[in-house]
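Next up: the structures, one after another.
Presented sequentially are two complexes of subunit A, the first with subunit B as partner and the second with subunit C.
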Partner chain A sequence: MNRSRVTGGIFKELLQYKSALVGLVLLMFLLIISTYAIFIYPGSKAVVYWRAGENMWIKNPKNALPEWWELFTPGKTLPRTIEINPNTKGYAMETLKTTNDGGYLINLSLSFNYEYDEEPSAINVFVNGTPGDNFALFWVYPDGRKIFLTNLTLTTESTNYYLSQDIALNTRLEMDLYKQIGKPEYSPTIEKILFGTLSREFKVQKGMFKLLVQGYVKDPKKTSFDLVVYGKVYGIAGTDHLRRPLEIAILYGTPIALAFGLTASVLISVIELVIGVISGYFGGALDTIIQRITEIYMIIPFLNIVILISVFYKLDLWTLLGIIIILSIFGSGIKSTRAMALQIKELPYVEAAKAYGASDWRIVFIYMIPKILPTLVPSIVLSVPGFVFLEAALSLLGLGDPLLPTWGKVLSDAESQGALYKGLYYWVLEPSFMLILTSISFTLIGFALDRIVNPRLKEM
Partner chain B sequence: MFDSALPVMTKTAQRIIIYLSKRAISVFITIVIATYITIIIANMGGYVDEIKKAEITERITQQYMNNPAYKGIPRDQLQKLIQQQIELEIHRTGLDRPFLERSIMYLWDGLTLNLGRALYMTSDSGSRLVKNIILERLPQTVLLFTTATIINFFIHLAGGLYLSRNYGSKLDKIVVSLAPLSTMPGWFYGIFLILIFAAWLHILPYGGLVDYPPPEDPISYFLSVLKHAILPLSSWIISGLFVGIYTNRTFFLIFSTEDYVEAAKAKGLPPRLIERRYILRPTLPPIITGLALSLIGSWQGAIITETVFNWPGLGLTTYQALQYFDVPVIVGLTVIYAYLLGLTVLVLDLVYSIVDPRVRSGLPV
Partner chain C sequence: MSTVLSVKNLRLYFTTRKGIVKAVDNVSFDLKKGETLAIVGESGCGKSSLAKALIRLLPRNVHTYSGEILIDGNDVMKLSDEMFRRLIRWRKISMVFQGAQNSLNPVLKVGFQVAEPLMIHNNVSKEDALAEAKKYLRLVGIHESFADRYPFELSGGMKQRAVIAMALITHPEIIILDEPTSALDVITQANIINLLKKIKNELGLSYIFITHDIAVTSELADRVAVMYAGEIVEISDADEFYYRPKHPYAEKLMASVPTLRTDKKLEFIPGAPPSLINPPQGCRFNPRCPYAFEKCLKESPPPYEIKSGNIVRCWLYHEGKR
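Moving on to the complex of A and B:
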């Protein structure tokens, strides 16, 4: 009862610091995100999504900006992804007639409204049918211009036509453009030609576009077209080079980072406390040994040994956490807790406990450790960000958990894909933003706690 | 006068030497332990054995293949001969002995920097020896991170003193409230600096050591290196700035309320003198310990900062070795790091023994 009143008092005092209040609000925010992430990605769903490979995300644009990026392009609406398939609007198929050999002639039109201010990032056509089916693809502009794209012959039941990567088409369209208007002022990519007006300056032609398909098929029931016009923005966080929505890693990384940082800092501090108190209370040879080990730990190349272990044994995140804890428990915290233990050892209540015959372990665990523990709370809170950044750093070196999506993994992908060179700033900024939030939240709370627990700092 | 001063001097020197040798022994024991841990970890998957065996196999095969005396022998017989020789050599070098014995053998190799050959990596001069690869990169790391730590050290010292003098001022409040920013490590600030100064403004390079091609004359070479060092250095300076100044300031403030400082003030000594003689002097040993710790921290932090900035030092070598899975290099780097950290501590012990009067007068430290 007494203790809970003390804790409540500290909490009340904490709320008087504006900085701590900000820290607590940020922490609440992170906790809400964590709960939400665990709720929408239960079990290993996040890992499954993150490691599903490109097929699962084939209809997402590559390296798409987050939708809020439009704030930096005022007055411009950036293209979203448009998909036209038999289940959406704008898909119409008519079977014209039967040919002598039992095949069918069909006419297909896939139309969509395009009202964005930039051309899409890519265009793909996914075709299903029977092997041997023939198609001719045409593009119709809102102004009625119609150009021939390509002929397709199915060799298997499904084919992906990567329109944007069709070099022959690109060359032909470019030549036609030169013939009609001369040298354009922009570099004519397939998307720009297919979505631009017929002028030397690039401008998106807004309105109803159509992909027309004339085909000869064996079975019209099996024939279906799926046109994907990839946008330049996607969702709240954008996508990466493998078309994965970054929001998975940003959201799911939050509970992982908090769990990793808190477990590491709490366990390390508590174990250091126990070792320090034992060292101070018992003294003698045990004390000497512990002090020597602490000195050795100070010089051992911690990060190199963590790297060595994780490169040889391909650890998952929680084993790695265990190793980091083992490699840190003889850290510098022992010196201060030992010094405190030396003082407390001489206090009358410990003497009294000894007098009525309490065992050494009882004195250490029941009388001394709970007395020192509150003074450690600030340093526990303050060391959380360090471990969150350690995980990010290990991921940056390619040594983190092989499966889990974490903020460090996103940063590492961005680094290795040259996100900064390519101007894909969001890719770096998003995980960084979360790291900054976490770090600021814990330090603001920790600094305020420090002043409450160590009154000598209060007046400074 | 001289006669009495001399024995005191030698006695002091003696004490310093005894203190230093004690420290040297304990540091050396640490290096041995770190190297041994490295070898145990690496060899739990049998990697060190593999390295050694691969080396023997390559050497003996080369020896026989290049020897004209064996040209006439049929292939399968030659193979058999080589196999026999390899087994003999493995036996001779003790690779078939029990693990404990072998690990001691490897420990000796590690400590004498006999680190073997890299699997894939080569040094810039073309050598495959791990020792050469690492020693070639060592100066760049030492250059960058010693500079960063020393710049930080003086900024924090001066800033801390200044703020403790002007405690409560607006600047003081700003620094105190910005201190939380320092929980973010240097490499993290590095990413942002690259984003702003390289990717956005295009005024500084993304990374690397010098321009390509490297300038011919030494002055422009130096300037080019300097230009590439600006961002990594700034990232470390920014990262450490506020908390470094804050800690020193609080430290000095606590010391300036000591009774002997009050007494000196009461005597009417000038503030500068009080600062130098009564505040700075007694706080020097812990400040130097702080410097030692931050130097050690900087060697470790180098691994990630160099990776971010593509700075060709030990850290980038670590990253590259990880990419190639070049086990001998990874093991070698850990050993070199153990030495580097140990030597740092020793050098700072030397400085410590000069500034700490307790060492000179033989009191327990």
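Moving on to the complex of A and C:
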């Protein structure tokens, strides 16, 4: 018997293959990500975040690129999101005087330093106050120019002013621009006008910008402004169309993908092994029945049935896993393990075991399965990516788990939002990259294991 | 001395595509307590089938399995397979298999493997069984530390010893040794034979020693049974047998044993062992027998009792020609 029968031996030998080493490092990386993800999103927190809706992420930019995208725009710093509120720097409010009817006149200034090379993606102002409060909003450029933006009257205690979507403002600003410099060479959006220099070519004016607010309020203590200047990049993974940070799905998708792939692959292989060995060892009618069932299973179109079931019953991930396992346990693996079992059951030590009274089940589980198991390890490892891909494919088709954030889900969103068409490559690349990483990791390890366990391959 | 095993008219036939193989045909013998019965014969004469019939380790294609096997006076042929497995195998009879190198499970540690029968039969906890296994490994001369090794880490002789320990661990009365030394070198063979002798005396066992090697048998056997074509043609006391074998086949067999550095012409038996599907008419040895006469061609010789327990199946004795 050679050393590779012993688990420790296999592992030591594995480290001698550079490819396996790379695979193990990648796997380690994925495992670290998984642990980290489970640690920062304990319990169902990831699901809560992912399903939180617009309000949770309102202060994130939409479809923002990941921050590392700057590597592809050398010399340019892309704007980050800036938020000015009573708890940050640059927020100053003064109460000017009391009016006859008990209200107050206030002066508010929200100032921030803007040093990026591109205009922000959007600007929103969130206002809190008392119904009936009146405000006038002004924009002050670093060069001192001052533009009137709009008048606001509160009808409820809080109002969101979506500055970027104010069409009246847009038209007015555009007209003013035309009057001052003629037709600009860029298409003047609100952000470009509010952050550009007064020239025909667009160039960001860097320096201290200010949002000035003059208002009449009933209770200055209740009055607060929150200015959000949305950037174009966000975090390590960017955001999607619902402003959700993609890192949630990318990170949390890792343990899900690994768990799904490994569970499916290990369970299916082991169940196939057990059934195959039982079939081979007991023989006779049982063997015939198992083999015929296997042949029938093998011609059933697996993916079609999985899709059919997923369409009819909106399944959560683990039920889906169960169904995939049930649909796969009578797979081709049974054929090969049965062939090996037929060989092993004739070996002297199995006969010896029968002689000293080992029961059939003892022989199956202590004598035959441990003998075949090592030869199955490579195929178990190699089939992990297949199941990871399957889950992603089902999610892409909209048949995955309805709640959990997974890589396939991100791809599905990207596809339905036309990410590639809009040039939002990161949206597709990130989950794809993780999928490919998983695949490469298991494949490299699997190939090396295959060489160790089936030594004949070494010479080829 | 009391009889521990008594076999009467044991038959084991197999069905094959070519016909029925009469591997064990009408075999009877007794085994006394503390005795070693050697069963010798050429390859393919049914020795191993006899062993398998005794321990009821039958392949699928059994055609006939009949006769009586009395262990301590009880006919174990009447037991169901399950009862036989529980009450007889390894409780009463255990076996050391041909090719010990292969009778150890490569994925189990030696200690665990030796303890297996104990765990299966006596419901002993794993720890106790392992402790007992170590005791028996010591008894057969293997250091305890080897209990934690895998079979491939042991030499051939050590594996053989481990297999013997495995056969001993449940305190059986009878041990069937099926070619226990055939794959070992001479020195190791001698060691194992001495070990077997020692153990037999210490534990009061009875051996059925199956081998094709008559020389090895002479060290251990109290009585010798010669098998030919599925039948036992001679049973003699060992001293008697080695001094003067009775059956012509046994004679030839003895003459074919090499001796060291003496100028003896090694004899061989012309012809091949007969087919067990279609054994020759009359005495099965007649085509190869130099003394064969007419009667041998027609009728199968019944057992002839030379003296109590010593039997030969040959017309020469019936007809008074010897």
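As a working rule, the second predicted complex is superposed on the first by the 455 of 460 C-alpha atoms of A that agree within 3 Å, B and C clash if a C-alpha of one lies under 4 Å from a C-alpha of the other, contacts with A are read in each partner's own complex, and residues count from 1 in each chain.
Definition applied: contacts are C-beta pairs under 8 Å (C-beta built on N, C-alpha and C of every residue); 3 or more make two chains touch, one makes a residue touch a chain.
A quick note: this is a predicted structure, and the numbers were derived from the prediction, not measured.
*Asks:* Determine, for the superposed arrangement built on subunit A, whether subunit B and subunit C clash or fit.
*Replies:* fit
*Asks:* Kindly classify A:208 by the partners it touches after superposition: subunit B alone (first), subunit C alone (second), both, or neither?
*Replies:* neither
*Asks:* More residues of subunit A are touched by which chain, subunit B or subunit C?
*Replies:* Counting residues of subunit A touched by each partner, the higher count goes to B.
*Asks:* With both complexes overlaid on chain A, does A:32 touch subunit B (first), subunit C (second), both or neither?
*Replies:* A:32 sits against neither subunit B nor subunit C.
*Asks:* Applying the document's definition of touch, where does A:370 land relative to subunit B and subunit C: first, second, both, or neither?
*Replies:* After superposition on chain A, A:370 lies in contact with subunit C alone.
*Asks:* First (subunit B), second (subunit C), both or neither: which does A:396 touch?
*Replies:* Touch status of A:396: first partner only.
*Asks:* With subunit A at the apex, figure out the C-alpha centre angle toward subunit B and subunit C and round it to a multiple of 10 degrees.
*Replies:* 60
*Asks:* According to the stated criteria, A:58 is in contact with first (subunit B), second (subunit C), both, or neither; which is it?
*Replies:* Once the two structures are laid over each other on A, A:58 reaches no partner at all.
*Asks:* On the overlay, how many Å separate the closest CA atoms of subunit B and subunit C?
*Replies:* It is 17 Å, taken between the nearest C-alpha atoms.
*Asks:* Where on subunit A do subunit B and subunit C both make contact?
*Replies:* none
*Asks:* Which residues of subunit A touch subunit B once you look at their complex with the stated criterion?
*Replies:* So the residues of subunit A touching subunit B come out as 19, 292, 295-296, 298-305, 307-309, 311-313, 332, 382, 385-386, 389, 392-393, 396-399, 411, 415, 420-421, 423, 425, 428-429, 432, 435-436, 439-440, 442-444, 447, 456-457, 460.
*Asks:* Quick check: in the complex, which residue numbers of subunit C touch subunit A?
*Replies:* Interface residues on subunit C, with respect to subunit A: 55, 57, 60, 85-86, 89-90, 94-95, 97-99, 102-108, 116-117, 120-121, 150-152, 163, 166-167, 170.
*Asks:* Sort out for me which residues of subunit B touch subunit A in the complex.
*Replies:* 26-27, 29-31, 33-34, 37-38, 41-42, 44-45, 47, 167, 177, 179-181, 183-185, 187-188, 191-192, 194-195, 198-199, 206, 250, 253-254, 293, 296, 299-300, 303-304, 307-308, 318-319, 322-323, 325, 330-331, 333-334, 337-338, 340-342, 345
*Asks:* Could you pull out which subunit A residues touch subunit C in their complex?
*Replies:* Counting only subunit A, the residues touching subunit C are 1-2, 5-6, 283, 347-349, 351-359, 362, 366-367, 370-371.
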